[in-house]
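Shared between the two complexes below is subunit A, which has subunit B as its partner in the first and subunit C in the second.
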Partner chain A sequence: MKIMPWLCCGMIAYFRIRYMAVADIIKNKKQGQLPSLERRDNRVGIYFLIPAVAVLIMIVAYPVIYSLVMSFHRWRPTDINRDFVGFSNYARVITDSRFSQSIINTAVYALVGACFKVIIGMILALMMNREFKGRSLARVLLMLPWVIPVTASVTTWNWMFDGMYGIFNVILMRLGVIDEYINFLGVRGLALACVLIVGIWMGYPQMMMMILAGLQSIPTEMYEAAKVEGAGPLTIFFRITIPSLANVLSMTILLSIIWTFNSFNVIWLMTRGGSGTHTMNTLAYEFSFVNMRYDLGAAMSVIILIFLAVFLFIYQRKQKED
Partner chain B sequence: MHFRKGFAVFAVMILSVAMVFAGGSGESAASDSKSVEVWRISNPDEKIIAAFDQVAADFQAATGIEVSYVLVPTNDFHTKLVTSISAGVFPDVIIWNSNPGIEFANTGKVHPVNDILEEVGMDQFGESIIKMFEVDDVIYEAPFMVRPAGMHARRDWLEAAGYDLTMKTDENGKYYIEGLETWEDLLEAGVKITDAANGKYGLGFPMSRKAFGDSAGFCFSVIASYGGKVLDDEGNLAIDTPEMRAAIQYLIDLWNSGAVPSAATTWDGNSNNQFFLTGDIGIVCNSNSIMGKLNAESAVKPEQLIMLPLPKGPTGHGYQQATPESITIFETANVANAEEFVKYLLNTETQLKMFETMGFGYYSPLKKDVINDPMFADLSDNEKVLLNSGDQYISASFPGEPDARLTQLYSAFFYDDILSHIAVDGWNVDQIIDEMEKVASEMLFS
Partner chain C sequence: MALGMRKQKLIKNIVFYFFLILIICVLDFPIYWMIKCSFTDVDQIMTRDVSLAMTELDPSAYAQVWTGTGFASQLQFKAYMANSFIVVLVSSGISIVLATLAGYSLARFRYKHRNGIAQVILYVYMFPQMLLTTPLLTLVIKMGLYNSLWSLIIVYCTFSLPYSIWMMRSYFQTLPKELEEAAMVDGCTRIGAIRRIMMPLALPGIVATITYTFVLGWSNVIYPLAFITDESKKLVSIGFNSLVSGDMTPWNGVMAAAVLSALPVVIVFLFLQKYLVGGLSAGGVKS
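And now, the complex of A and B:
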């Protein structure tokens, strides 16, 4: 029976648009004008937009508004009580001992992660932009971290970092760097560095592909002209490549920060937020599905949204400028 | 042109409506009067799969009701259940070992099973087990079977350390081994058999959030054996007690002893078993999934395993957090079918047939009729120890009445984090007690 309101809304929206279209035609006819081809196309376009808008409302707007409403109520999956509690969920989240740590971790994870992803992506993209034997194979291999299912690769990384059998410990021990095994994921700070490494490893291929696309759009004549003028590789890189890639790079960095900011699976699969690795996303998940406090999870999500809104605003501005 | 445009608009409308329908109605998925949806833990053991499949086939043949199992991995069970229930989608029946009926009793969607148990015979189960699932005389879950947990130990290592592993029986019929009766004894033994330089550790207790269930279960068992509790009889916070402090101090001593490998802070639910099976750990506390994996080819041979009776604390009792696998029925359109299926599962004949197929070990019976069947008379010594510990299993609400809040606290890394604070943060007793009080007070009373 819950389908009825949706159906009614859809029907009303349809007839409203239909009515506007018909009214427009009548008005134009009265004025002795025929609707232009462009305007008719626009109207048909509007009809085709309806499903997309409906889906967007359902999967984006509705959850956001629902979370917002939830964050101001007592809301637990095990309880039918839904009292309005004002800002107390926000106060509870902000005063949680893990909150400030999660913000610091998120900032480190997003900013350091994004920087390394872009730097590694840039180096590899420059290499992949050159002609050499086996380039196609190299590209495929370099894309693997992005293609392998996250669970599979994280499980492998977990084993490599293992404190009893991990390959890193074995190598470091054999090289004489350590005299006892390191519990990589069980030490504060070190654990965050480990999940950061895995996050960078998984994220660099995407950056590499974006930068590579940017590199391939730079006209080769510019490089040839620079060489004729006697410019060295460094001069070419800083005077031609970087300026030509400026827009691509700024967008790549921004998107990388947003994507890394939203990252959840690597940390959750590797540490469950333990050893001081909680980020804002894992903490929101823990509130909701471990502590069974949807209200706190929703409040945390709204706070995340506010942080992300800053980056989204910069992204929008940048897009408009471009 | 107009026809085509009209057709396009019509198609768009149909698509929109279809998408809205595809969004789901939020009602319970169950509505077919001849089926019942049962969620249970996915277990790769072919014998267990065969036993459950046989039950479903037999039940369908007898009643015409089709049973469809939804197999959920242990680690995902809670999340899947919470999200499904939040979305208004309830399974008809779930078979699980974490008190879901008690946890979700306040939603008003859990179907009481008093009548079913009366019909089956309440006296079949024993008072302590029924109490795990009862709130204000309403029983929310039917006891089904138990995944027996115990101390799996290396017989050869302990014997080499000078232990006489003769199993003795006390005046209450409980097994014990001299010198290995208490948690303190166990720690001492763990230190004796540890050879860290060669990668051999005495004790394999996970101290990590990733080992959800195992680390919490171990921590809770120690606390319960020492007499510690979260709430007193009046329901007030009672964490800061000498008993709780002694339990925490024991856990700190255990960690500092070096008998537990430092990697235990990052272990997942399988790690301790795995390292026991590879011959790197001397004693692990876990459900009985090890026994069936030992054979002539394995690194640890069957004769090298000895099940130790559960260690006691200063209270003189030993406990193991192991809530029995219970059956919870939800108030869906299929509740009548679900009731029929549960009665069928609890039937003595059905259970004997299941044990015949899957054997004793991973699951143990709870019904007296089943336990006393000749089938269970010829158990191995290790299996006898497991069966002997059956009445020492406790739920997350122990020592009080079942309490949904305590079940949630248990699931919310409360006990796992005690171990993490000891092992990762190096906290002392005062710091841990303060944190426990803060977290428990927030989770239980806000």
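And now, the complex of A and C:
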């Protein structure tokens, strides 16, 4: 009985894809384009796809629909009452005192974070784009912040930001910047800045690698030609590098915004959303697993999904242009 | 003239290395600090009179974390490690098998909507995990898999599978079609061509994808946080967090646990980074 919804989804997927294949074959038959062997072959191709798609439907599509249903019902793990409540969960979420704060934080976190990540990534990618001794070592060292598991690095940052013995307090004190120790993660505003720094620190390597790949795809002839024409390094940068990178850059920025938008780990592990650092994702988690209100968490998640859909729409438009 | 040029180049190089080393020092400082603190005695660490240099090499924190003695008596670190390995490897394995098939299919066969399907799979990868956590949790409880590693193995596929499919598709697209066509002309079946020609060629892509999903899975927090409460079933990504408790936190132990938890990923990365970097950029720019 429990397996039924899963099975149904799988069956629907199977027949849908199967139908698509058959429709394709009929169409091709009419046009008489493909030889029969290749036609049969393409059908085999669809069988290759089915297992993966079936799994994705079971573990992604079905839960998303489940979330949608939850968000319109009274749904708590503590009682079995599952009444339909319309939009009242959404109303509760939107009127929550932390809601608007969480949207502002998410925007700041995603936009400011993306800016810094791309700038740092760009500088490092430019540095890594030249031949020098120890390049692969430098690349490994620069990639480390991305490789270290989130919990390990965030715990380290927590320790460095510690209000009692944290190294930042020690250094700032010795430099005479502060008179008394600050609890970085306990102060509104400051906490958000700390979270932002950690987010940037963890995200820049990916930007660096993507921009570096873009840089390496620029033909060297262009640089040589520019040098022959007598262009200086700045001119080359703004006239050749930036325009050639325009597509890669806009894509990386968008991807970075989407990734940061989704990020939950850093903030949850640093502040649990305290000190005014809630983003939409941590707020959804808090609703679901701290307040034990699955319905509110689901409503919040659906709101997140709506925002995300806008980004994905822009992404798709952008990709079509390229 | 020639000497002047050489001198200029030397100065340029020195300036370059200076900035590079400075940047690396700043950016890798937290990692250095993590290692440094893990080797420091607890009395030395809980003081405001710290030095930035590595002054001592005291491995006792590691020993206590690993064996679960002393301050780490409620920890089962070895079990966390094993659990993480099982979950991440099995889910990456399942993903890569399904994804290689699907990626090949999306890259090579011609049928309707295949680009649309590929797009949707990419979007699935970008879904916030929060959206899936609650429904998946209810499902997992219904299936009786709560507090079981199987739940995480299945659930980790929600991010590793779409990513793997997308990567394998991009990778197969870069491989020349002519090779397998030639094999098929020579009497190979499609399956034979895939097995004999495409799989060996796709190996770097497969390795890169597994490495990436390994890194992703190893550091995932939200699912083990929501799905596992049993101490012996916890994963390393959240396991040692229980050590952190306000003013009484044994920070050298926490740092030692952090280093230990990072070690497998760093080792995997060091061995496979060549593949990873190539694959990562291929997928990154294409997507």
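Basically, the second predicted complex is superposed on the first by the 284 of 322 C-alpha atoms of A that agree within 3 Å, B and C clash if a C-alpha of one lies under 4 Å from a C-alpha of the other, contacts with A are read in each partner's own complex, and residues count from 1 in each chain.
Rule of thumb we're sticking to: a residue touches a chain if its C-beta (ideal position, glycine included) is under 8 Å from a C-beta of that chain, and two chains touch if they have at least 3 such contacts.
Since this is a predicted model, take the numbers as computed values, not measurements.
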{"item": "Simultaneous placement of subunit C and subunit B on subunit A, clash or fit", "value": "clash"}
{"item": "Partner chain(s) touched by A:A226 [first = subunit B, second = subunit C, both, neither]", "value": "neither"}
{"item": "Touched partner set for A:I314, first subunit B, second subunit C, both or neither", "value": "neither"}
{"item": "First (subunit B), second (subunit C), both or neither touched by A:R188", "value": "first"}
{"item": "Which superposed partner A:L255 touches (first subunit B, second subunit C, both, neither)", "value": "second"}
{"item": "Partner chain in contact with A:G274 - subunit B first, subunit C second, else both or neither", "value": "first"}
{"item": "Touched partner set for A:A107, first subunit B, second subunit C, both or neither", "value": "neither"}
{"item": "Partner chain in contact with A:L126 - subunit B first, subunit C second, else both or neither", "value": "neither"}
{"item": "First (subunit B), second (subunit C), both or neither touched by A:V44", "value": "both"}
{"item": "Partner chain(s) touched by A:I218 [first = subunit B, second = subunit C, both, neither]", "value": "neither"}
{"item": "More subunit A residues in contact [subunit B versus subunit C]", "value": "C"}
{"item": "43-51, 61-69, 313-321 or 385-393: stretch of subunit B that collides with subunit C", "value": "43-51"}
{"item": "Residues of subunit A that lie at the interface with subunit B and also at the interface with subunit C", "value": "2, 44, 48, 51, 55, 158, 162, 164, 289, 294"}
{"item": "Of subunit A, residues touching subunit B in the complex", "value": "1-3, 6-7, 10, 14, 18, 44, 47-48, 50-51, 54-55, 58, 77-80, 92, 97, 158, 161-164, 181, 183-188, 271-276, 286, 289-292, 294"}
{"item": "Subunit B to subunit A touching residues, read off their complex", "value": "5, 8-9, 12-13, 15-17, 19-21, 23, 25-27, 78-79, 82-83, 85-86, 103-104, 106-108, 199, 208-210, 212, 261-263, 265-266, 268, 275, 280, 404, 408, 411-413, 420, 423-425, 438, 442-443, 446"}
{"item": "Partner subunit A, residues of subunit C touching it in the complex", "value": "13, 16-17, 19-20, 23-24, 27-28, 30-31, 33-34, 37, 45-48, 50, 52, 98-99, 101-102, 104-106, 108-113, 117, 119, 121, 123-124, 126-136, 138-139, 142-143, 154-155, 157-158, 161-162, 165, 190, 215, 218-219, 221-222, 225-226, 236-238, 240-241, 244, 247, 251, 254-255, 258-259, 261-262, 265-266, 269-270, 273, 277, 280-282, 284-285, 287"}
{"item": "Subunit C contact footprint on subunit A (complex, rising order)", "value": "2, 20-21, 23-24, 41-42, 44-46, 48-49, 51-53, 55-56, 59-60, 62-64, 66-67, 70, 124, 127, 132, 138-145, 147-153, 155-160, 162, 164-165, 167, 169-170, 173, 201, 204, 206, 209-210, 212-214, 217, 248, 251-252, 255, 258-259, 261-262, 264-265, 268-269, 281, 284-285, 288-289, 294, 297-298, 300-302, 304-305, 308, 312, 316"}
